[in-house]
Structure formats: structure tokens, C-alpha cells
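What follows is chain A paired twice: with chain B in the first complex and chain C in the second.
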Partner chain A sequence: MNLKKLQNIDKRILYILLAIVIVTPLFVRPSKHPDAVFDEVQNAFNTIDNMPDDKVAFVSIVWGPGTIAENRPQTEVLMRHLFMKHKKFVVLSWDMPGTKLSYDVGKALEEELGMEYGKDWCHLGYRPAYVAMISRAMGEDFQKQFAEDYNNKPLKEMPLPAKIKSAKDIGIVIDITPSATMGTWLAYFCGPYNVPIVTCPTAVMSAEAYPYLDSGQVSGMLNGVIGASMYETLIGRGNTRTEAAATAWSLSCAHIYIILLIVLGNIGYIAAGKKAKR
Partner chain B sequence: MHTLFAPKHGVELWLYIAGSLVIGAGLLLLLCQTPQRLRKPVIAFVTFLGGLYFTLEFLIPHDNYFTHVMPEVVNAEIVVSCFTLFIGIYNLFGVHGRAIRRKQPGWYNSVAFFAAFFLIASAGFIKDMRPDSAATPLFEILFNGFMNSLQSTTFSLIAFYIVSAAYRAFRIRNSESVLMMITAMIIMLGLVPLGSALTSFIPANSFFSFLRLEKLSYFILLLPNMAVQRAIAFGVGVGSMAMGLRIWLSLERGSFFDEEL
Partner chain C sequence: MSKFITEHAPAITLWASALCTFAVYSILYKENKFYRFFEHVFLGLATGYSFYLTWSLVMKPRWWDVMVGKGVWAWAFAAVFGSMFYFMYSKKHAWISKLIFGLFMGLSAGGIFREFYEIYFPQLGATMRPLATNEVIAEGPWATTVYVAGVLLFYVILFSVISYFFFSFEQKGKMIKASSSLGRTFLMIGFGAIFGATVMGRMTLFIGRFNFLVNNWAPQVAADWHWFKYVLPILVIAAVAGIILALKKKPVETEEPPTE
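Let's turn to the complex of A and B:
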């Protein structure tokens, strides 16, 4: 066999195999979740679980359709946990398409778990001017900043958002994001008002969060969809066929496929080198 | 001031939008009519005032006068940032309109742009005004069926590029590339369940448990990675401060700042 050819496999074959590797777990939808749970995921769970009942969690949505595969399972599992523990939460989106996507996730869970909109949770809709909004405006006078919800209903008419006056009423910030927005929250809101933060970045961005986890500025993290599937184990859904588990399997298979290709490419490269020397 | 920024509905809302547009367009027009030698100082002065507000608000101890007007300032910033949306639309219309007029190659893509733009915009507006109309299911189809799927598809193409690039570029040419490849493999395998299962035969409490892939990847993330991330954060922080000062004081030079309006 000519090993040299291994470094020049046809691109079309690589792509078709990749599509098969990624799509198969999404169709099979295995229920098996990761056995191990990372410390940062466990810490995120504990922080949310221990949030005082009289406070409200603030779920910040920065994701859109581009990173839906990782960020939607994170949103879904965190909202589910908050509903299950009867922790109240409000959602705000900084991404236009993400507004509707996150609202749909909340609505589906609300119906599934028999919760009530306006009492157990509320969606504040979309807002631009991310940094300015976080820096003081939201923390100083919440009602002035958010007069209406996603459906243009005044916040004063709903029991949950009506009681949020300032940062003092917010028990935790959950930042679900494809980019490095955690730093903004830390600098302008969580640091000055002493509010804990749990960050949920895509896997590729998670490496940036480790210094903040180490210093204790960030309480916990769900690193990508793997973090979401580990979190599902913690809330007792470890043997359920979920989007997070299927995507985690898909990602696992894709990683192993890429490593196999790198190994094959290098075998071909070494073989070609030896041949050239001869 | 609060009344000015309070939510508006119906005709009042449209009047406010029209008023903001007229004032904004008027200001822009006025700026364009200003002699060139005066234009830059005007922009620099407004930039300086904007930066000064936020600087004072943060530097003066908490709960000062500037803190109390922050919600209004943020609302004003939202209005200004919405104008950038119009500039974006204006640009898109210009580029695609020109492509259709001149029948440039792929001009039909520009027709698709205009069709999609007007369809989803009108469906969105009608849905908001009349939620019970046929525009609501139409918007759902356009949003979930088209926009959502198209954006996800575009982003997912990265997977194919990564596979192709990793396969062709990751060659063990020297010791550095070997080190990089081993590190990448440990991280890639250690962070996914299937990868860490490869070394699950090593007992978790034994002396050799540090050889488990998830532990090795954690070691890399928590020590070498963290040191590098901290170094980058310091560098970026100092750079951001310098950049911020340059923009605030209008000292920045380059294609965006030197070209005349």
C-alpha cells in the first residue's frame, strides 16, 4: 500500500465523512451523558442552586442562530434548573434573532413544567448598547431601563419584573454567549454590585474564562455543549435523550475524526519523507 | 426627561420615530454642510464630551449626579446606535441596487436580498401590529425556516474548513509542531466524553490517574493556558486603555479617521 497517498485524501471524501460523523448522533440521539462532571460545571450548579429565593436570576442572551448548537442547550438546561428549583428569572437578549430563540426556549419549558409567565419568569426583549446598559443604567434603576417586556406589556403589570428595583434584587447573572462578554459583566456590573456570575461560552471561548474562575470572580462555567450535557446529569436528566447529549456525542465523534485525519496525514507525510530520502 | 424616554405606543410612537429621524437627518445634513476645517473639531468635541461623561461617572465616587442621569444617557445612546442600522441598510441598498442596475454577475442574488428584506420586514411589522393576522405564521416560517437555518448553515461551514485545514496543515515538521499537536490532541480528546473514555481504564484514585486524558487536559487548561491568558489579558487591557484614550482625544489616525466626510 502506498502510504504516501494518505496525505492527499480527496477533499470531497473528507467532507462527506465529516457530515456522516456529525449527523449520525443527532439522528440516533443517544441518552448517555458524560460520566465525569467538571468542577466549573458543578460550581455553576451550586451557585444557581444556592441563590436566595427572594432574589431574581438575570439571564443574559448574546447568542443567535450561528451558535445555536452550543448555546441553546445551555439556555435550555439552565432555565429548566431554575424552573425546577422555583427560582425566578428574567431574560434579556443583546442579539436580535437570539431574542425570539430564547423566548421560544422559555415558552416551551413554561408549558412543559406548568409555570406562569410574568410570575416565574419574564423576557425583557432585545436591547442594543450592551456596555452602556450594563454599566450602571441597569443596576441603578431597573424599572426606568426596562419599562416593557418582550410582548410590549408594562413590567409594572407583572408581579416578577415589577419587584426588581436595582442590582440589589439580582441574585446571579447567567451570561450565555458565543463571545467574550463575561469581562464586561465583571467590570461594570458583577464587580461593582457584588453579584455572582456564571458564564456559558461556546467551547472555543471557554479557555479565556479559566483565569477568572481561578480568581473566584466567575462562580462557574458551562463550557460549550459538553458543559450543558454535564449540567443535565446534575439536574437528574443523565439518562434522557436530549439535544445537549446528542450534540455532545456529535462533537465527540467530530473531534476523534479530526484526530484520525491528522494522524493519517502525518503517516503519509512521514512515508513521503522516507521515500524522498531514499 | 423621563417622560421623553418612556415607552410610546400607536400614533405617538410613529410620531416619535419620525421626529427622531427628522432631527437626526437634519443634524447629519448640518454636519455635512459644515466647512471641512470645522467639521473635525465639531466631531472631536462631541466625542470628547461623550467620553468625559463616562469618565467622570466612573471616577467620581458612586451615586453622583452623573449616575442618576445614566438611564437617560443609555436611552440616548440606543437611539444613536439605531442610526447605524439605517447606515447599514443604506449601504446594502446601494451595493445591491447597483448590482441589479448594471446587471453585474450574480445580480439575481441582489434581487433575492431585496425580496427577503422587504418580506421579513413587512411580516415583522404587521405581526407586531396585528398578532392574529396571517403575517404571524409567515414570520415564523421566514424566521425559523429561512433566517435561522441559513445563519446556522453558514456558521457550520467552519467545521468543514477546520477539518480540511487540520488535515493538510498539521504536519510534524519540527519539535514545536509536535508539541502543539500533542497538546491539541490531549485537549480535544480530554474535553469530550468519548475521548476521556479512552483512558477510563486507569483507576481514578490510583497513582497513575494523572495520565487520564481529562486530567491531562485540565492540567494544560489550568496551568500553561491560564498563564498565557493572563498575559494576553494584561496586554489587551493596556492596549485598550491606550486605544480608548486616543479615540476619546481624537488622536487616532488611519483610514477611518483621516478621510474627509
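Let's turn to the complex of A and C:
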């Protein structure tokens, strides 16, 4: 067998095999979740679990359709945990298309778990001017800046958002994001008002968050969809067929496939080198 | 026509999404007109959709309705300031755009001071780690050894990476050279981890689309067209046969643009 050829496998074959490797777990939808849970995921769980009942969690949505595969499972599992523990929360989207996507996630869970909109949770819709909104509105005068919700209903008419006056009423910030928005929260809200933050970045951005976890500025993290599937284990859904588990399996299989390709490529490289020496 | 679209909106949306997904991924096989057509459709739709969203979610409720509906006419100045950006396209009046750019640069620069204080100062403090704490020592000798080794490794990485960024003087000494070289190795490991995470992220974009095809589109097709399950194996066999035949031919190399 000519091992040298391993360096020049037709890319179309590689893509077809990659597609098969990715699609198979999505069809099978395994229920098995990761047994090992990262410390940062466990800390995120503990922080949310220990939030005082009289406070409200603030879920910040920065994601849109581009990162739906990673950020939607994170949003779903965190909202589920908040609902299960009867922790109140408000959602705010900083991404225009992500507004409806996150609202749909909340509505589906609300119906599934028998919760009540306006009392157990509320979606504040989309807001522009990220930095200005966090630095000015959030801490000082919440009601002035957020007069209406996603459905243009006045916040004063709903019991949950009506009681949020300032940063004192917010027990935790959950930032679900594909970009580096965590720094803005730390600089303008969580740092000055001493509010804990749990960040949920995509896998690409997770490496940047570790220094903040080490320093204690960030309380916990769900790193990509793997973090979401670990979190599902923590909330007792470790044996349920979920989108997060299927995606995590797809991702793991794709990783093994890529590692295999790297090994094959290197075998081809070594074989080519030996031949050249001869 | 409009009645048909309204009645069949969910199915049309589903099929359009599936068709677009297939069209976009057809580039993985080779450059083709099907892909190019949908690329332009996608760009046009995305532009139109973002224009609509910007108007309906931002401009109308936060500017137009406030100004015209509630009579707060001071908001008219926002249009004046906003339009100042467009003077950058005029050579003669570019200075007008510089005023508004300057304003925003000043705002950003001011924000950086606060960000630096709130973000990096706590990290500077967290860098000064004790070799061991009473809590760690109480956990036993093994835990203490592991903890101390971790902290020492942290300091080795910290100082070697810092030494790599000593640009103010020439790195001549053996010690500083070795440290700098070690720092560069650690940086490479860090970049490797980031690159690995990036590959993982790109893969999830791919998984996102396949998730849609498998969990949204395919079940709908199976429910609507019962006969499709008989046609599907034939299509798969035909596709595999087509791919095998195509692979026997040499792929068409795309011509690279001339470098200037």
C-alpha cells in the first residue's frame, strides 16, 4: 500500500465522511451525556442555584441564527434550570434576529413546565446601544429604560418586571454570547454593582474566559454546547434525548475524525520522507 | 397567489431553508452556479431583512414614533448627527464626518479607562498567588503538593511569557533567551488551544444546519410525502454513484486571481 497517498486524499471524500460522522448522532440522538463535569460548569450551576429567591436573574442574549447550534442549547438548559428552581428571570436580546429565537425558547419551556409569562419570566425584547444600556440604564433606573416587553406590553402591568428597580434587584447576570461581551458586563455592571456573572460563550470564545474564571470575576461558564450538555447532567436530564446531547456527540465524533485525519496525514508525511531518503 | 403563500407559509419557509442549505454546501463539492445564485439571494435577503429589522425594532419605535407621535422634536437632531457620517464620501466636506467620528472615538477612549480598571486590576491582584493556603494544607500532603506544583507552573508560564515580550532591550543573556524561548512555546500551546476551539466552533455551525435538516425538514418531508421514503434510498444510491463517478475524474482547479 502506498502510504504516501494519505497526504492527498480527495477533499470531497473527506467532506462526505465528515457529513456522515456529524449526521449519524443527530439521527440516533443518543441520551448519554458527559459523566465528567467541568468545574466552571459546576460553579455556574451552584451560582444560579444559590441565587436568593427575592432577586431576579438577568439573561442577556447576544446570539443569533449564526451560532444557534451552540447558544440555543445553552439558553434552553439555563432557562429550564431557572424554571425548575422557581427562580424569576428576565431576558433581554442585543441581537435583532436572536430576539424571536430566544423568546420562542422561553415560550416553549413556559408551556412545557406550566409557568406563567409576566410572573415567572419576561422577555424585554431587543435593545440597541449595548454599552450605553448596561452602563446607564441597568444599574440606576431600570423601569425608565425598559418600559415595554417583547409584545409591547407595559412592564408596570406585569408583576415580575414591575418589581425590578435597579441593580439591587438583580441576583445574577447570565450572558449567552458568541462574542466578547463579558468584558462590558464586568466593566459597567457586574464589577461596580457586585453582581455575579455566568458566561456562556461559544467554544471559540471560551479560551478567553478562563483568566476571568481564575481571578473570580466570572462565577461560572458553560463553554459551548459541551458545557450545555454537562449542565443538563446537573439538572437531572443526563439520560434524556436532547439537542445539546446530540450536538455534543456530533462534535465529539467530528473531533475524533479530525484527529484521525491528522494522524493519517502524518503517517503519509513520514512515509513520503522515508521514500525521498531512499 | 398571496393566499397560497399565506396558507403554505410554514412549508415554504422550511423548503426554502433546506434548499438554501443544500445550495450553500454544494460549494464543498466544487464551484457551481447553483451556489452562486443562492449566495446572491442570501446577500440580498440578509440586507433587506436587516434594513427591515433596523427600522421596525430601532428607528421606528425609538426615534420616529417618539419624534412624530409624541412630538419630541429634539430627536430630529439625531438625524443631523447621524447623517454627518456620510460626509466621509465627500473629499471637500470630509471634515464634517471627522467631527462625529472624533466624538465617538472620545467616548470609546473614555470607556477604555473604566474597562481597564474594572477588568484588569482584579486580574493583577489574582496573579499574586500564595504558594499554599491553610485550606490546602489542611487537605493533606498530596493535595498540597499538587497545588504548589500548579502554582509554580503558573509562575513559570507567567514570567517566561512576560520575558518574551521584553522588547525594550536586546535579549542577549542565556537566561533571558531560554526564558523567552520557553514563553514562546507556552504561547504556541495557548494559540493551539484557541485554534482547536475555533475548529470546534466552526463545526457547530455545520452541525446547526444539519440539525435543522434532520430535526425540522426531514420529519416534515416524511409526514407530507409518504412515498418519499421509497424514493430516498434511490436518491442516496444515485448520489453515491454520482460522487464515485465524479471522484474518478480530476477535480476542476479554480483559477487563482493574479497577484498585484
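Rule of thumb we're sticking to: the second predicted complex is superposed on the first by the 278 of 278 C-alpha atoms of A that agree within 3 Å, B and C clash if a C-alpha of one lies under 4 Å from a C-alpha of the other, contacts with A are read in each partner's own complex, and residues count from 1 in each chain.
FYI, a contact is a pair of C-beta atoms (placed from the backbone, for glycine too) under 8 Å apart; a residue touches a chain by one contact, two chains touch by 3 or more.
What you see is a predicted model; the values in this text were computed from it and never measured.
In the superposed model, A:261 lies in contact with chain B only, and not with chain C. Of the two partner chains placed by the overlay, chain B and chain C both lie in contact with A:128. By the touch criterion defined above, A:186 reaches chain C but does not reach chain B. In the superposition on chain A, A:97 contacts both chain B and chain C.
Using the contact criterion defined above for the overlaid structures, shared-chain residue A:243 touches chain C, although it does not reach chain B. By the touch criterion defined above, A:144 reaches chain B but does not reach chain C. Overlaid on A, the two complexes show chain B and chain C touching the same residues of chain A, namely 11, 15, 18, 22, 66-69, 97, 128, 192, 203, 207-208, 211, 214, 251, 254-255, 258. Considering their complex, residues 9, 11, 14-15, 18, 22, 32-36, 38, 64-69, 97, 100-101, 127-129, 132-133, 135-137, 140-141, 144-145, 147-148, 152, 154, 192, 203, 207-208, 210-211, 214, 223, 226, 229, 248-249, 251-259, 261-262, 264-266, 269-270 of chain A touch chain B.
Considering their complex, residues 28-30, 49-50, 53-54, 57-58, 62, 111, 114-115, 117-119, 122-123, 125-126, 190, 193-194, 197-201, 203-208, 210-211, 214-215, 243, 246-247, 251 of chain C touch chain A. Those residues of chain B whose C-beta lies close enough to touch chain A in the complex are 2, 6-7, 9, 54, 57-58, 62, 67-68, 70-71, 73-74, 77-78, 81-82, 143, 147-152, 154-156, 159-160, 162-164, 166-168, 170-172, 181, 185, 188-189, 191-197, 200, 214, 218, 221-222, 225-226, 229-230, 233. By the touch criterion stated above, chain A contacts chain C in their complex at residues 10-13, 15-16, 18-19, 22-23, 26-27, 66-70, 96-97, 99, 125-126, 128, 131, 183-184, 186-188, 191-192, 202-208, 211-212, 214-217, 224-225, 243, 246-247, 250-251, 254-255, 258.
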